[in-house]
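Got some structures for you, see below.
Okay, so chain A shows up in both of these, paired with chain B first and chain C after.
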Partner chain A sequence: MTSLQHPSDAASSSDATVSEADPSSPRKGRRRYSLLTGNDRRVLQAMVGVPTFLHVSLIWVPAICTFLLSFTNWNGFRFDNMEFVGLRNYKQLFTVFEKDLYEALLNNAWVLIFLFVIATPLGILVAYILDKNLRGTAVYQSVFYFPVVLSLAVVGFIWKSVIYSPRQGVLNVLLNRTEEGNQISWLGDSDQVITLVSDYGLSKNFLAIIAPMIWRHVGYIMVLYLAGLKAVDPSLREAAAIDGSNEWQSFKNVVFPSLKPVNIVILVITVIEALRVFDIIDVLNNPIGTDVLSILVTESILGESSNVGRGSAYGVMLLMLCFGFVVWYLRSTFREDDA
Partner chain B sequence: MISSRRNQIIAQVFLFAMAVLWMLPILGMIISSFRPYAETSTDPNGFFSWPDTLTLDNFRNAWARGNMPRHWFVTFLVVIPAVILVLFFSSMVAFAVSRYSWKFNIALLMLFTAGNLLPPQSIIQPLFQIYNRIPLPEFAPYSNSGELRGSLIGLILIHVAFQSGFCTFVLSNYMKTLPKELNEAAMVDGASLWRQYWQIVMPLTRPALGALATLEFAWIYNDYFWAVVLVQKGNDLPITSSLRNLSGEFFTDDNLVAAGSLIVVIPTILIYLALRRQFISGLSVGASKG
Partner chain C sequence: MSNSYPQPGAWDAYVARRSVIKGGAAVGAFAVGGSVLAACGGGDTFSGEIGSASGTLNIGSNASDPAPQAGLQAVVNAFPNADVDVVINTLDHNTYQENITTILQAQDDDVLAWFAGFRNKFFADQGLVGDISDVWENITGLGEGFKAASTASDGNQYFVPTSFYTWAINYSKKLWGENGYTEPTTSDELIGLAEQMMSDGVTPFAFANDGKWPIMGTFDALNLRLNGYDFHVDLMGGNGSWTDDRVRNVFTTWESLLPFHQEGANGRTWQEAATDVEEGRAGMYLLGTFAASNSEAFAADMDFFNVPEFDSAIGAGALDAPIDGFQMVSEPTNEAAAKEMLLHMSTPLAQDAYLSEDPSVVASNSGANTSVYNDLQKKSSELASAATGISQFLDRDTIPDFAGACGDMFAEFIENPGGVDGMLADLEEKKVAIFADFNAG
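Showing the complex of A and B:
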């Protein structure tokens, strides 16, 4: 399992031995494509070509089409009633559909904030404590990791029936609010908990949707961080302890900076998770005040009216928001890489 | 290395409290699924109350009303081929990228990795239209509309296309760690490229394949979005979405939903308990590369 967790270390060391032993071998000990015989070459082309064709035609072609279609007024039926309308869809998003768009963007931002401010530090803290091998570490690890293997859709059903049920849910039982007329409807209340500007804020039911997402995200972060912590050179921490740093100082000054690659992964995963959120909202019937970008994109497919142009414009916004993070992740991952 | 005894006690108490909190939804699901709604909903303590009756009725009803045998069948019809194809496709690309140097190595790997990071919803509008326009031959099984949309083949294809990004990335990292001399020796012996892939590299990649198979099984089994948008037709939806049938418009039997959820998560629970190590190493292998 150790070799599985750190392929990069093993890769660089074996590369070094190969190139040292045989300076004439091609870069990093890999064979050149041009040295292959005709038959092998065709096999290799097929091995790369077929999966790449599938991936490109179902992921990247649609991604580019999202861009193109966002400049049209297409309704998705026949191609001859597709017209180029320039930026009209975008103008409409920021005027007619302004409320929908800002609410969605704000809700995506709330998810991100809560995952970042609550779930991520909690996950890191749990990983940090568990890394000390306290009693019962394995059990704790299983408990916190368990929600991660469930789908957010099922998580939605579980929380709805167990935690939020008005008549018998955990919350109303604890608050003693289970009688008819006195119940709190956790998923049906679009009043705001936090109000930013007039109509915009954080609605109660959206907070109720974020809570299970936090529940699930902590375990994810914990696992990623535990793997990272195992790789931190213990002598670094000992040195810090000898220098008299306390627990917090040695984490802040030694452990955290040395885990930069894991930190980047966590950042990117959290951002993308926040942009992708869809299942749990759809499963809970998308109550008022809980729209996010992904719901707006999908609305015109699942709903009655079909407006491919506007739906694509929402899609482009999603793409733009994650684009920077994806590029950043790729750069940090492939920078010193010899792939 | 915890500095003092006091800190250690604080850490233990904190972990214990958090673990109890974290298990609450799962325990609640299990307890309420065995109890009749009439009993738990009338007691001020909900399902915390002392049970008078324990019953399997909720499971029976969920099983029937959710049409679960059918949904389960469909789910496995999607998940099993999808996992096999994902691993097959990504291992071929990973093999090529990690064992041979040519111009587009990094670009290709980046393409796959980035593709997996896009939010699925950002490409759904065009994808839906494409799926609407690709006809399937009549003999294709489980194609409802005669197009890729609504068919299980279409669903399998999008899973393979989307998930191959992550798997290619992980597998190429793993294959890079295998000694290059293996291929050289094989080549001297006259083994074809395909044999080098299938008989030499693949068997050595088994640990990574195992970890990914576990992870991908769970991810594809858990899928909701692709299925809801691209299949839509009620009977052929995977199991996760069948839970929607259990909620009424005005009244929902929460214990029934809990029982249904429990049925749906059982395969994931079993796999998780049996293969926890693979699960965790699969996740961290993708992340620790950096």
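Showing the complex of A and C:
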């Protein structure tokens, strides 16, 4: 955008020639000299206008509607059924449905921690190793990326029936725990592995559900990071090697910092994936102890006799969390741009 | 499979198909308009019998499994009015259920597959489905129980029941024959049998709760046996209290029976549990008779008995027997054809056609041909006709939102029965909030 106001900018010089060559240019008389023809302007308007329109109508309008609906009691049928109830839904979230809400918030936090501490570093590691042009890199890449490509129905089948099934699942067969009374109920045992306060903590079956999330996230991060690594100037690494740095030092001090834009993208993706996580829990049928915010939203709103007000209140909680992160992210990005 | 995994693609396919139909309708608007006008001549309104309607009729169906899908097609093929072009729009079962409000509000289909009882009443009270009392005036062979299950708060009928199945205790005839087990008729006999099975190295009850709905059947059965049908219906309607001693008693009894059940139910699918019964590792399984659909071998080997009496003052007459059927949307495009189709669906002709493709359920019409019934169907039919009260299953008898809260509570209970008092207090709190929202709407 800035280039449009600076005629001396090299990028806009071609526009200037077009503008002068165009006899039908409407800008005459009192108008300030502009480098844009009517066509340019229309194209620009369309390029800015269409995405803005889509963004506002598909993101902001629904978000604001959700916010407004969270103050109502509405079953989703006729508008005259809607009843304004003020903050009651929010009050109920913290008094009546508090167990669901706290469990969900905590589970979202667990996903964030596990993706951030295990999945993302693992994805970066895999990308770094595969970038070494090993034999069969393409095969490894496909293998690691495969979970991202698989349809969710297949993912559900793999984890529920092939891996975690109590009798014929791979895990219990390998551990020789398939007998009655001896089986490990991977998806059904909501006892806590880590207990924070009384009823709240990390349940065993949620940990079992985090595993497929990590499985998918690693492939996703790997592809992104691999693309970034291809763009790193090899001479930087050579220079680091000549200066005597070992593999870890050259990654930590040379490669990683030079990939800053990619790192930020990965950070953003990890946080957003953790907040909006829904699909894998849903295909594994959301066993007890595995609620997250997006599950509570859909449970309240989907289906018959839905409770749109409460579902929207859950949605607003999720929006606030995303918002906090986005504000932080934008601030840090713009601060760097200014510097 | 379709019971366990929603198929996101199915909805897209449905939307695509709908828009094709709509696009076609726009192009052919004149033709359709023409037929409606023509129909105005005499057949626009329902005449009480099949034959005068014409035009296109859209049926929305959740029959995505092969057998029910073929069954509905057979019903349509048997429709005597050849002037009506019938289009069946089938959606994946779970997707259909989750999107039913959208489907109803779109009013694209004239006739929709749905469930009797509370869930029929709810849509009728919302004005989303049409009054079909005039169809009921012409229906023969459906008992009062079916009519009650089709009636909404205003006393009119909004639903045509076509088939049902029963919940009972299923077992393998082979295992029982080898070990000499006999069907118990009282709770003491049931417990004695369970102890016998334990000493034989067989887990008495298979138990699975993937999806958090299967064990609702256990709650229903115990509540019906210990507190009776009226109490159960009241409780489902939001009137009884969950902290009541009678409800607590259900959980005390359930807890005493838990040691006879398989462990880790929350992580097991009903199919896996049915396989355990089929292969003789577990002795009994309280589930809908659809358990037979687990495999052909099991269908041949399975038998079942009614949940025995727990309290002689209450008896063993009530049971869960979910009824499936069809509704008409409130503003159908082709009302005459919709009503003729609904009337047709209530007849033995249509129900025989359906059962020829899907023998896992029982026809609602007493005139249906029972001579083709297999043993399981015969028994189901006898069980239901002898019943003193028929409930629809917990998630069909109460607000779906609240059924979800019950499902969570039951799942938690079987893992941690000691914490039941806190859970019941919590559930009661949720019940109050959910029913208050519901009744205000």
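Keep this in mind: the second predicted complex is superposed on the first by the 255 of 339 C-alpha atoms of A that agree within 3 Å, B and C clash if a C-alpha of one lies under 4 Å from a C-alpha of the other, contacts with A are read in each partner's own complex, and residues count from 1 in each chain.
Following the convention adopted for this analysis, a contact is a pair of C-beta atoms (placed from the backbone, for glycine too) under 8 Å apart; a residue touches a chain by one contact, two chains touch by 3 or more.
Note that the structure is a prediction, hence the values are computed from the model and not measured.
Chemist: Go through the superposed model and pick first if A:I272 touches only chain B, second if only chain C, both, or neither.
Modeler: A:I272 sits against chain B, while chain C stays out of touch.
Chemist: I'd like to know which partner A:N81 touches here: chain B for first, chain C for second, both or neither.
Modeler: After superposition on chain A, A:N81 lies in contact with chain C alone.
Chemist: Looking at the overlay, does A:S165 come into contact with chain B only (first), chain C only (second), both, or neither?
Modeler: both
Chemist: For A:E103, using the defined touch cut-off, is the partner it touches chain B, chain C, both, or neither? Pick first, second, both or neither.
Modeler: After superposition on chain A, A:E103 lies in contact with neither partner.
Chemist: Hey, is it chain B or chain C that touches more of chain A?
Modeler: Between chain B and chain C, B touches the greater number of residues in chain A.
Chemist: Does the superposition put A:E180 against chain B (first), chain C (second), both, or neither?
Modeler: The answer is second: A:E180 touches chain C but not chain B.
Chemist: Return first, second, both or neither, reflecting whether A:D40 touches chain B, chain C, both chains, or no partner chain.
Modeler: first
Chemist: By the touch definition at the top of the document, which applies to A:L150: first (chain B), second (chain C), both, or neither?
Modeler: Touch status of A:L150: first partner only.
Chemist: Across the two complexes, what residues of chain A are contacted by chain B and by chain C?
Modeler: 76, 152-153, 157, 160, 165, 167, 282-283, 300, 302
Chemist: Which residues of chain A touch chain C in the complex?
Modeler: 73-78, 81, 83, 92, 96-97, 99-100, 152-153, 156-157, 160, 164-167, 180-181, 183-191, 205, 282-283, 285-288, 299-300, 302-307, 309-310
Chemist: Which stretch or stretches of chain B touch chain A in the complex?
Modeler: Touching chain A: residues 1-3, 7-8, 11-12, 14-15, 18-19, 22-26, 28-29, 32, 40-41, 43-48, 89-90, 92-93, 95-102, 105-106, 108-115, 117-130, 132, 157-158, 160-162, 164-165, 168, 172-174, 176-177, 179-181, 183-184, 187, 192-194, 197, 207-208, 211, 218, 221-225, 228-229, 232, 240-241, 243-244, 252, 254-255, 257-258, 260-261, 264-265, 268-269, 271-272, 276-277, 279-281, 283-285, 287-290 of chain B.
Chemist: If we count contacts the way the header does, which residues on chain C are in touch with chain A in the complex?
Modeler: 4-8, 97-101, 105, 119, 122-123, 126-128, 203, 209-212, 262-269, 272, 275-276, 281-282, 399-401, 404, 408, 411-412, 415, 426, 429-430, 432-434, 437-438, 440-441
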